[in-house]
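Each of the next two complexes has chain A plus one other chain: chain B in the first, chain C in the second.
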Partner chain A sequence: MASEDELNLLVIVVDVNPIWWGQQGQREPEFTLCKCLDAIMVMGNSHMAMTRTNRLAVIASHCQDSHFLYPSKTWKSGDSGGDEISSSRDGKYELLAVANNLIAEEIKNIMTKTEVTGNSTDTLMAGSLAKALCFGQEMKSRILVIKAADDCALQYMNFMNVIFAAQKQNILIDACVLDSDSGLLQQACDITGGLYLKIPQKVALAQYLLWVFLPDSEQRSQLVLPQPAHVDYRAACFCHRNLIEIGYVCSVCLSIFCNFSPICTTC
Partner chain B sequence: MAYRLGPHSDTMDEEPERAKRWEGGYERTWEVLKEDESGSLKATVEEILYQSKRKRVTQSHAQVRLGMMRHLYVVIDCSRSMEDQDLKPNRLTSTLKLMEGFIDEYFDQNPISQVGIITTKNKRAEKLTELAGNPKKHIAALKKAVDSSCVGEPSLYNSLSLAIQTLKHMPGHTSREILIILSSLTTCDPANIYELIKTLKSLKVRVSVIGLSAEVRVCTVLTRDTGGSYHVILDESHFKELLMLHVTPPPASFSSESSLIRMGFPQHSVASLSDQDVKPSFSMSHLDYSGGPALTLGGYFCPQCQAKYTELPVECKVCGLTLVSAPHLARSFHHLFPLQAFIEHPADNYHLNRFCQACQGQLKDKNVFACPLCCSVFCGECDLFIHESLHCCPCCIHNRTAT
Partner chain C sequence: MASLSEEVLLVVKKVRQRKQDGTLYLMAERIAWGPEGKDRFTVSHLYSDIRCQKISPDGKAKIQLQLVLHTGDSTTFHFANESTALKDRDAAKELLQQLLPKFKKKANKELEEKNRMLQEDPVLFQLYKDLVVSQVISAEEFWANRLGGMNNGEPATCNKQEVGISGAFLADIRPQTDGCNGLRYNLTADIIESIFRTYPAVKQKYSENVPHNLTEKEFWTRFFQSHYFHRDRINTGSQDIFSECAKQDEKGLKSLVTQGVKNPLVDLLSLEDKTLDEGYGISKALPSTSNANKSVKESSNSAIIKRFNHHSAMVLAAGSRKGDVPTDQASETSSTDGNSRDSDFFQPPLKKVKLQEAIEYEDLQRENTPKTVALNLKKSDRYAHGPVPLQSQQYTTSQDIINSVGYIQQEMANYKPNLTRVLSSTTATSAIAALSPGGVLMQPVGQQSIHQMVPNDIQGELKHLYIAAGELLRHFWSCFPVNTPFLEEKVTKMKTNLERFQLTKLRPFQEKIQRQYLSANLTGHLEDMFQSAYNKFHIWQTRRMMRKT
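What follows is the complex of A and B.
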């Protein structure tokens, strides 16, 4: 078992792209953003209830920005400005009640105040992951990503930078995918040693979270967990965006081409 | 051979040497420390610590071509002077330990490069490991070498010519480097080393030296003529710093050709016993492995000849194709698009926004760092982390137009 004083941090990164969730609300009214956040709160409470030294952070990843839902800035600085909202009326453990209330308040703020520009249905995960890495520098941490919308192809390089930084710090990245498979997250889980799971039934999100993603890395070796997915590591050539098995790599700028040419078009 | 005193000399056509430290005037080192009103040195000590932390954020080589595919030979001196105990427990053990860390870091930053190790003692040189892209073999060899005896004198000429024998066959677009860790003050050479230096220059090999004892004239000439760097260590932590300087890719010399290299991207097949068609097979990388044959189910299959390997990157023994995976190339991207250094501001300008935008912590340092592109504010710890590991600003990557 880990030593008593070591803090274990779980960072949950939630994809709250309003366009995707709006469409989802019309497709399947029984699984909405509120239900998803309920499941996340259950997961967060369970994690904090496991040991005294477990810590939690929740980041919401919006279209153009990412926000910390929990802990809020005033809370982390030490002063307990949340006295008004922390009185739990049903005898719940104070920390869990505070966490739930803060998450609910912040997500309401974010969804009402953030403007949505454009109608893109993809989210920028790399920024939220980068913030999660900076947040968890002093303690042993792991990241759980709950992804709803599709990948954004523009952020490949930043995403890979974040993944390598996580691998260097021994931070696991787990992924729980609601809708469509994400190649980037599959690579992230493979490189950092985390778990990737695409959920067959969205309404049972809380069950999947508690069963698969609640145990931390030391306990996972003793459990039978979903098999790792087959990750396609083939590179895409820069000229046609096809996946190739044998290609030509420029020695200066490392761009990949499918046909040999004496001049590299990038440099 | 007279010493030249700094930039006023014009007798030789090479760049003038720096003035030696004993030739300068007195340094009043006590003036660096300043006491505040109560007589305590705390502020000065904190300032010194802060400056040493900041030193780690190095200059970026923007707009300079870097040599990504590197062939580096490390020559380790195993002569009698390595038994000296000024590095604990002795120089050899300390050097080998630091080399293991160097190899790990090297392959982390340069995944498609290769390293070979040469040792020199008893006036001869021999290869400890061949040029290879897999760190495990090198680390195993380094661990075994701790028990070897340090005897005799090193031979710079022999070790350099041994390295040249392999390096001269390397293709022109890769960088050819030699790093020498020299602790002895003498070298025993069978022929004129200045001729060898001319050969090195013509083969475009860059030689750098890390000295463990003192500056040696022939090393100064060697490194200056080939374009490398020469440093002498002060203590063990300085040694580590100097080694880590060689991890980042050096600027490519203007004469290196650039070309497209043919590489394979094999798929990783993960098969379990329940699959119908799966057959266990030997991995090609285990052909000369003395630990016994290993039949495994999954692995990487070379797209050209279907030979199996367990790890990447590797050069296929059957068909000669270099096999890498896309993340290996992605690891080197941050050298090509380095992150700009953040601008330092005094913290008093930011009364309202008292929180670091990356870690949400309070800004406690007296200086804060702002990204020049998005003007978000970060604390000192996050700035260090961003520049050393992350290589991208957490707020800039929210901008959709970034690649």
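What follows is the complex of A and C.
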């Protein structure tokens, strides 16, 4: 059993790419960003309700930047701000009510201020993960990534750095993928020891979250959960971007080629 | 006599062995005995086989010499010549004493090395058991590749630390009273060596006098009797051979003191026996211990202290002296026994070093990081996406973007969390069904990884099989290309070894796992490896036949 004083932090990184969610809302009106956020709130509330030492953080990962939805800076600065919001009328545990309200407020602020330019349509996932890692320094933490849009290939290096940093700090990265499989997240989950799941039914997101991602790593060993799939770690050569199994590596810059050539084109 | 091509070092007649008269021959590499009148040797032992020799005590009637072999057997020779038996036996013993150590080291070393290697590496030990003990390959083949470094590495293994001299070695020779007003001193070889290393003068005397003038026993008796050894060094006249040593020691001590200490930060002369006041030490004004005021009549205290200092200096000198340095050769390092010169030449650098040590701290210096070369990248954007395969990207038109953003903004503006309507029961149950064993997301049980299905002992056996097979196959494949007749032989031998291994080890293992109903094909790869080796051998053989015809 974990010690009573140890704080357990769950950081939920939500992909709120407005383009993808906008299209999604038009495609399937029964599962929109609002529904997704509701499911995440349920998950967050459950996590905080399990023990007193559980803490929650929610980060929204946008095209332009990543924001902390909870805890927000305005809340920490004083209790006066909290009194206005936290008057819960239905006898709910105050912490949960505060959290929910804050999350709703923040996400509304973010989304209404969205101005998307054409060239940055990809979610800044690596940045959000980095923020999550920095936030969870003093306590035992794990990260849950809810991914909607596709991978951004340009973030590869940053992503891998974040993954290895998380591995060094023993921070699990779990992934719940809504749309298309993400090789990067598969690698992240494999390396850090987390769970990767692509859910078949988006409307049942809450159920999947509660069943698979709510237990923490110690409890997971006692449960029967989906087995991790085989991860394809093959690298792609730099010249053709094909996946190769055996290749040539430059000893100076470590770039991978499928054919031998005496001069490396990268360095 | 048979095979007298060896050099015979000693012949002793009238030596009985097992109640038979005969002659004992000591040759360059072995000792042999043949019965009288016969042409051949009935008993022959190599010196490397002999572990040690024993002689019968002096008082006994029978004069015997016994040889104990490594295997534990022993052979006894009885020297039966009436007049010269003792001399013969002693001559034989002396010769053996000289020869045995030479051979002993070689043989032991090899065995020791092998044993050590086997003990240190359990994998090697297991391999040895699998291959040699079950007679798949012979021990020589096994050790052929592994001992290559051993014979060349002798100088490396001899880098043992030299044992220093215990400061108390003289005190350890505790004299025991003999019962009738005499003293017994027990001298071991270690003590003798210590005395020689510490006092080279004594060693010199020993080499001069023994065995010409005195026997060893007499030398040591004189040594202990001389007042050189005892506390009060009163010269008893020049009869004592050790009086010279005493004089030499005095000389050495004097020069040692004049040399002083090289460290400029240590000032020995400022140390004196001063008394503070009555009750804080000796109040009488004694002559100080510095050598400048030495009086002719030496007090016994200063004599003891002098002896003590000299002894310590000699012990330290012996520890730093490597091997035998004759006293007239110049020694490189600064001398600590006062008897060698040239130490004055090295004074300035040493002083500088000491001063520098005192004023500088190593860890406060600037760190010397190795110079690095910067990496020049021409196409660094390749790193941006890394070794990721090209994926078809969905292209969104700007109109799409505007539409989507507008839609989402509208939606979120009216967002109110409704946590009671998150999930309907049907969706929940379908999700649970998917997550339960047998569901869509739970992979079938049959795809369990193989290492969970096979028991641990079978895994261990398989590992050993792989290691042993790998060893054999390595020997086999290293024979190609077959250039010499030696390699031809080896190749054929290895092939038979492989077949033998397959028969004796692989087949029973396969049967065993079949009996346990393990469906996994664990030995397929091993079989493939063997088969490719056989194919190669077959090809080589047919080619050889074709070349011959």
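By our rule, the second predicted complex is superposed on the first by the 258 of 267 C-alpha atoms of A that agree within 3 Å, B and C clash if a C-alpha of one lies under 4 Å from a C-alpha of the other, contacts with A are read in each partner's own complex, and residues count from 1 in each chain.
The working rule: a contact is a pair of C-beta atoms (placed from the backbone, for glycine too) under 8 Å apart; a residue touches a chain by one contact, two chains touch by 3 or more.
As the structure is a prediction and not an experimental result, all values here were calculated from the model.
When the two structures are aligned on the shared chain, A:Met160 is found in touch with chain B and with chain C. Of the two partner chains placed by the overlay, only chain B lies in contact with A:Tyr248; chain C stays clear of it. In the superposition on chain A, contact is made by A:Ile256 with both chain B and chain C.
When the two structures are aligned on the shared chain, A:Tyr93 is found in touch with neither chain B nor chain C. Once the two complexes are laid over each other on the shared chain, residue contacts for A:Gly25 go to chain C alone; chain B is not touched. In the superposed model, A:Lys35 makes contact with chain C only, not with chain B.
Looking at the shared chain after the overlay, A:Ala204 reaches chain C, while chain B stays out of its contact range. By the touch criterion defined above, A:Tyr233 reaches chain B but does not reach chain C.
Legend: residue contacts after superposition of the two complexes on their common chain; A:Ala130 is shown touching chain B, with no touch to chain C. In the three-chain superposition model, chain A touches both chain B and chain C at residues 154, 156-157, 160, 227, 235, 252-253, 256, 267.
Of all residues in chain C, those touching chain A in their complex are 375-380, 382-391, 393-394, 396, 398, 400-401, 403-409, 411-413, 415-419, 421-424, 427-428, 430-432, 434-435, 437, 440-443. The part of chain A that touches chain C in the complex is made up of residues 18-23, 25-26, 32-35, 37-39, 41-42, 45, 100, 103-104, 107-108, 111-112, 114, 116, 118, 121, 150-151, 153-154, 156-157, 160, 183-184, 197, 199-201, 203-204, 206-208, 211-212, 224-227, 229, 235-238, 241-243, 252-253, 255-256, 265-267. The residues of chain B lying in touch with chain A in their complex are 65-66, 68-69, 108, 173-174, 252, 258-270, 272, 303-304, 321, 325-327, 329-334, 336-337, 355-362, 381-382, 385-386, 389-392, 394-395, 397-398, 400-403. Those residues of chain A lying in contact with chain B across their complex are 64-66, 68, 71, 73, 76-77, 120, 124, 126-127, 130-131, 133-135, 137, 152, 154-158, 160-165, 168-169, 187, 191, 227-228, 230-235, 244-254, 256-257, 260-262, 264, 267.
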